[in-house]
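Look for chain A in each of the two complexes below; its partner is chain B in the first and chain C in the second.
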Partner chain A sequence: MSRFLLRRTFSAVLTVLGGTVVAFVVMRLLPGDPARLVAGEFASAEAVAEQHRALGLDEPLWSQYLIYMADFFRGDWGFSYSLGEPVFEQFVRSVPATVELAAAAVTLAFAGGVIGALISSYSRGGPLDAAVRASSYIGLGTAPFWLGLLLLIVFFERLQWLPGPEGRLSSSTAAPPPVTGLHTVDALLAGEWATLGDAAVHLILPAVTLGFVIYAFLVRMLRASMLELVREPYILVARSKGRGRWGVIVRDVLPNALLPAITVGGLVLAELLTSTVLAETVFGWPGVGKLVTDAILQQDFAVVQAFIMISACLTVACNIVVDLLYGIADPRVRVRSS
Partner chain B sequence: MRRTRRALLRGGGATVAAAAVLGLVVAAAAAVPVLWPHDAMTTTFGSILEAPSLAHPMGTDGVGRDVLARFGEGARISLLIGLVAVVTGALAGLLIGLTSGLAGGAVDEVLMRVMDALMAFPTLMLTMAVTISLGSGLPSATAGVTIGTIPWFARVARSETLRITALPMVEAAVALGMGRARLIRAHVLPHMVSVLVVQATATYGSVILSVAALGFLGLGARVPTPEWGAMITEGMEPALTGAWWVAFFPGLGMLIVVTCTSVLSDRIRDVLDPRGSFSGVKGVT
Partner chain C sequence: MKPDTVLSVKDMHTVFATPGGTAHAIRGVSFDLRRGERLGIVGESGAGKSALVLSLLGLVEPPGRVAGGSVWLNGRDLRTLSERQMRRVRGKEISIVFQDPLTALNPVRRIGPQVAEVLLMHGDLSRKQARERAVGLLADVELPEPEKCYAAYPHELSGGMRQRVMIAIALANSPDVLIADEPTTALDATTQAQIITLLNKVIEERGTAVVMITHNMGLVADFCDTVQVMYAGEVVEYGSRDRLLDRPAHPYTAALLASVPAMDARRDLPLPALSGLPPSLTDLPEGCAFAPRCPLEGERGLCRTTRPAPRILDGEPDRMSMCHFSAEQLALTS
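Now for the complex of A and B:
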């Protein structure tokens, strides 16, 4: 097991380094001179050259990369010109909003995915199964920013049931005392029920938007593996021993179908990272995604570069964890790979 | 070939419907810019944000342009970019995968590590990085999404190459003195075409969504261009004050194209590769 772990970690570290090299090289080919940005539009040629040296831009590319990576792991992610503060601090401030949104979205998606897959395998080939399949196709074919806008049109503009794209709280509501940074949790801890309600109401549409893509992905995969399991001999045995259809699906099929679901953890995370950028932008949700889109509009690429680096690291880290969990959950994987 | 075609059609209502609806969008892309009297770029300040009517079946946008005309142009852009990106990505991936699989050793190792590094990003991030570094615009966005598809094709092509070259028939062909070029042409390529086609159709929809996402983020098509993603960005403000049609139709177009291609793609996979098929499964429950 420890050899499996070691080899896996080693190859993952290689991949992450490769990913950062790609990100670095691609972003260094950027049009525009960062030194010019720092020095200001009207700075003299000497001042720009001075800044060029100060930023280490006259070093060879490989040494620039090493410096960038060393800084990156020390938490120095560069300076954001559009907001006038270090990139790292902006990320720290934006992460809780994104975590809150992503947690709500994943919870919804997972619950929906399991329920959908159960319905599908119970009424396989029937109209309900067809509806679940259709919903999965639609979820995978919908641009999250468009779905978010549709929800806003229906529930905000027409019905006026839910708030518009104004972020995490109404302007009249003060943020709860920060503990975790998640407004819903903090309000609950502080016992501020009105704030909790306001935060929850603001969370609904963004979470549904973000969750729908993940749901579509999960339900498709769960349905496929459940339909395969249904053909296994052990199900026949369970049935012949008198367990009902529902009983078999819930108690014998579902647990074994959930196990492979771990393996797509990395894909789910990648999907989350991508879609959160789009969903947050539509809803004005002040998380990491919105930070990045605002930075793109401002041509402030230090922020974008940091985000791309983090995405690469997170995705690879998630893939390692998934592999390890899977190795623990299913001994066959371990044996086969060694 | 005829057997395959018949099998595709036997796929039932969903497959036929998907093909028909996709055909409609393709027809719209071909016909609207030519036949529809309104122009996609002409602004008419007398008719701003008009609701869908007989004169403007999809309404007009914030500067009085006909949304149907823009929808048709947008369909052209999306369908074409999707095609260009998938075909280019597939060819590049095929080349890399084939080289990797045939050469083996260090070449294989290096190429596959590079592909792994590219796949370490969520696809949109890689696409974003490439697009930003090339300077935003539709051509860069196309290049970005194309590069995003290459590693997936390369992986499939490599594993197919390894599978095929291990077949007894290839061993026999080599024993009979067949050269490498002929081997690739006669055995390797024909046997991986179907898998690549499946991968290509499955990628097509996601490429279209990525291009639109880049347009929405302001990295793809520039504003007056009637690209679907950029049209949604333009339609956001009007949508929140009642004019839903500006953003609604481009998004609907995307949904239709992507959903239909993935239904078709799943059907094609079931036909070409019966191993992964779940249609007509008979279980005991």
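Now for the complex of A and C:
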């Protein structure tokens, strides 16, 4: 197991390094001189040259890369000129918001996906099955930002059940004392129930918007593999022991169907942490997605580059976690790797 | 029904809806099983053996359904029971060992709980008691280190060991009837012999009646007391093992027996094989279902037009053959 882990970690480090090299080179190939942007539109040529040197842009590319990497792992991610503060601090501020949103979305999607797939395989071919399948088609065919707007119109504007696109908390609510940065968890830790409620209702619509596609994808996959597994001989054996149809689906089919879902779940989570842009924009959610879109529009290279680094690390980390989880969940893999 | 009958199947009909029409998988099967009796059910693939197993357990799922008949077990007709009541019968009064032990155990769950759960479902044992009983059962089926097997995953055991586990599961609640659906087909010859020896031992201890589904005539000769031959969803011949194997009264049985390779057979001659295929179950012939392949048939228009009635053979009680010309067939072998 430890050898497997070692090999896996080694290849992960290589993948991350490869990703950063590509990102670094591509960023340098883009038009636009960061020194000019930082110095300002009307700065003199000397001022720009001065800035060029200050940013280290006169060094050779490989040396720039090494300096950047060394700084990155020391927590110096560069300076965001558009917001006038270190990039690292911006991420520290916006990552928890995105993590909270993504976690809520994935939780909702998984819960919905498992329940939907259970219902579908129990009432195969019936009206409930048809409803689940229809919801899956809708989810896969709907653009998340459009769904977000639709949900806002219905639940905020018309019904006024849920708050509008005002971010993570109402303006009248103070953020709970930061521990994890996730408002719901922090409020829970501090015992501030009103804050917890406010943070939770603010999470609902963005999480549903973001989670619906994942749900649609998951339910489709789970349903297909469960309907396949129902035909396995061991399912008939379980039935012949005296277990009911529902019991068989929950206890014998589902555990087997969840194995491939682990893989999908990890990839989806990695994808989500970096692709919440549209949902964050629609709901005014102050997360990484919003930070990066703003940075791209401002040509704020330092932020974009840090984002690419983080994305690469996250994707690879999620993959490793998935592999480890798979090994724990599937006894057949456990034996092979030990 | 004889007094010591445990299982009595009367005029069972099972159909499956297929795109090509209704497939009549079981067409009026009836038989009685006495306490401790070992009944062999033989026939080609597609003869309706597996459909019969599912029908007995009440596990025929759409697009199939049991269209008629009754299954009497311990004094009540299983067909009239609700699904809830049926669940208390399965695994307790009637249980099954399936053909392929490699796929009959849930791959992500340990062996032990898969044995213990059938005890927990049908009795009020504590988890600890069920565990002890399960380990005892694994020892009963002669698995080495039953404690270790209890904690093992299915893929860690060999095919023969897994089939022993399946037997432990099937016999956990000492059922009245054990259905063995080709229990040795997927195993190699040595393991087959071991599994049959084990089955012999454990069912003798418990006095379990067995329905052995197989296409292996050697297994029938070794293991069964009575034999029932199925063709196209019907029982075409029934009788005690010795009478039926020595003097088949149905030409289909005779043809099946002729195709069994014998140790003293001449090796330069091809093995006699029955030509043709079983009829399509969606489009059965009008007369005898076997008529198109029957070596006896010749000019007999009767077979093509009239379905033969099951007839009790003269002077042989408990002997039935569904052929217009059983007497001729018997005359051939006597």
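Here, the second predicted complex is superposed on the first by the 322 of 338 C-alpha atoms of A that agree within 3 Å, B and C clash if a C-alpha of one lies under 4 Å from a C-alpha of the other, contacts with A are read in each partner's own complex, and residues count from 1 in each chain.
Everything that follows uses one rule, which is that a residue touches a chain if its C-beta (ideal position, glycine included) is under 8 Å from a C-beta of that chain, and two chains touch if they have at least 3 such contacts.
Note that this is a predicted model, so its numbers are computed, not measured.
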- Just from the overlay, do chain B and chain C fit on chain A, or is there a clash? fit
- Message: I'd like to know which partner A:330 touches here: chain B for first, chain C for second, both or neither.
- Response: second
- For A:146, decide between first (touching chain B), second (touching chain C), both and neither. first
- Can A:102 be said to touch chain B (first), chain C (second), both, or neither? neither
- Could you read off the angle at the CA centre of chain A, spanning the centres of chain B and chain C, to the nearest 10°? 80
- Query: Counting only touches as set out at the top, which of chain B and chain C does A:308 meet: first, second, both, neither?
  - Reply: first
- Item | First (chain B), second (chain C), both or neither touched by A:259 | second
- Message: Taking the superposition on A as described, I'd like to know which of chain B and chain C A:21 touches: first, second, both or neither.
- Response: first
- Counting residues of chain A touched by each of chain B and chain C, the higher count belongs to B
- Task: Examine A:236 and indicate which partner it touches, taking first as chain B and second as chain C; both and neither are also allowed.
- Result: both
- Counting only touches as set out at the top, which of chain B and chain C does A:203 meet: first, second, both, neither? neither
- Item | Overlay on chain A, chain C to chain B nearest C-alpha distance, Å | 6
- Show which residues of chain A both chain B and chain C reach, each in its own complex. 236, 239, 245
- Task: Going by the contact rule at the top, pick out the chain A residues touching chain C in the complex.
- Result: 232-234, 236-245, 252, 255-256, 259, 329-332, 335
- Contacting residues of chain A [partner chain B, same complex]: 14-16, 18-19, 21-23, 26-31, 121-122, 124, 137-138, 140-143, 145-147, 149-150, 152-153, 156-157, 164-165, 224, 227-228, 230-231, 235-236, 239, 245, 248-249, 270-271, 273-274, 277-278, 281-282, 293, 296-297, 301, 304-305, 307-308, 311-312, 315-316
- Query: What residues on chain B touch chain A, complex-wise?
  - Reply: 113-114, 116-118, 120-126, 128-130, 132-133, 135, 205, 209, 212-213, 216-219, 229, 232, 235-236, 239-242, 244, 247-248, 250-251, 254-259, 262-263, 278, 281-285
- Query: Contact residues on chain C for chain A in the complex?
  - Reply: 57, 59, 83-84, 87-92, 95-96, 98-100, 103-110, 117-118, 121-122, 153, 155-156, 166, 169
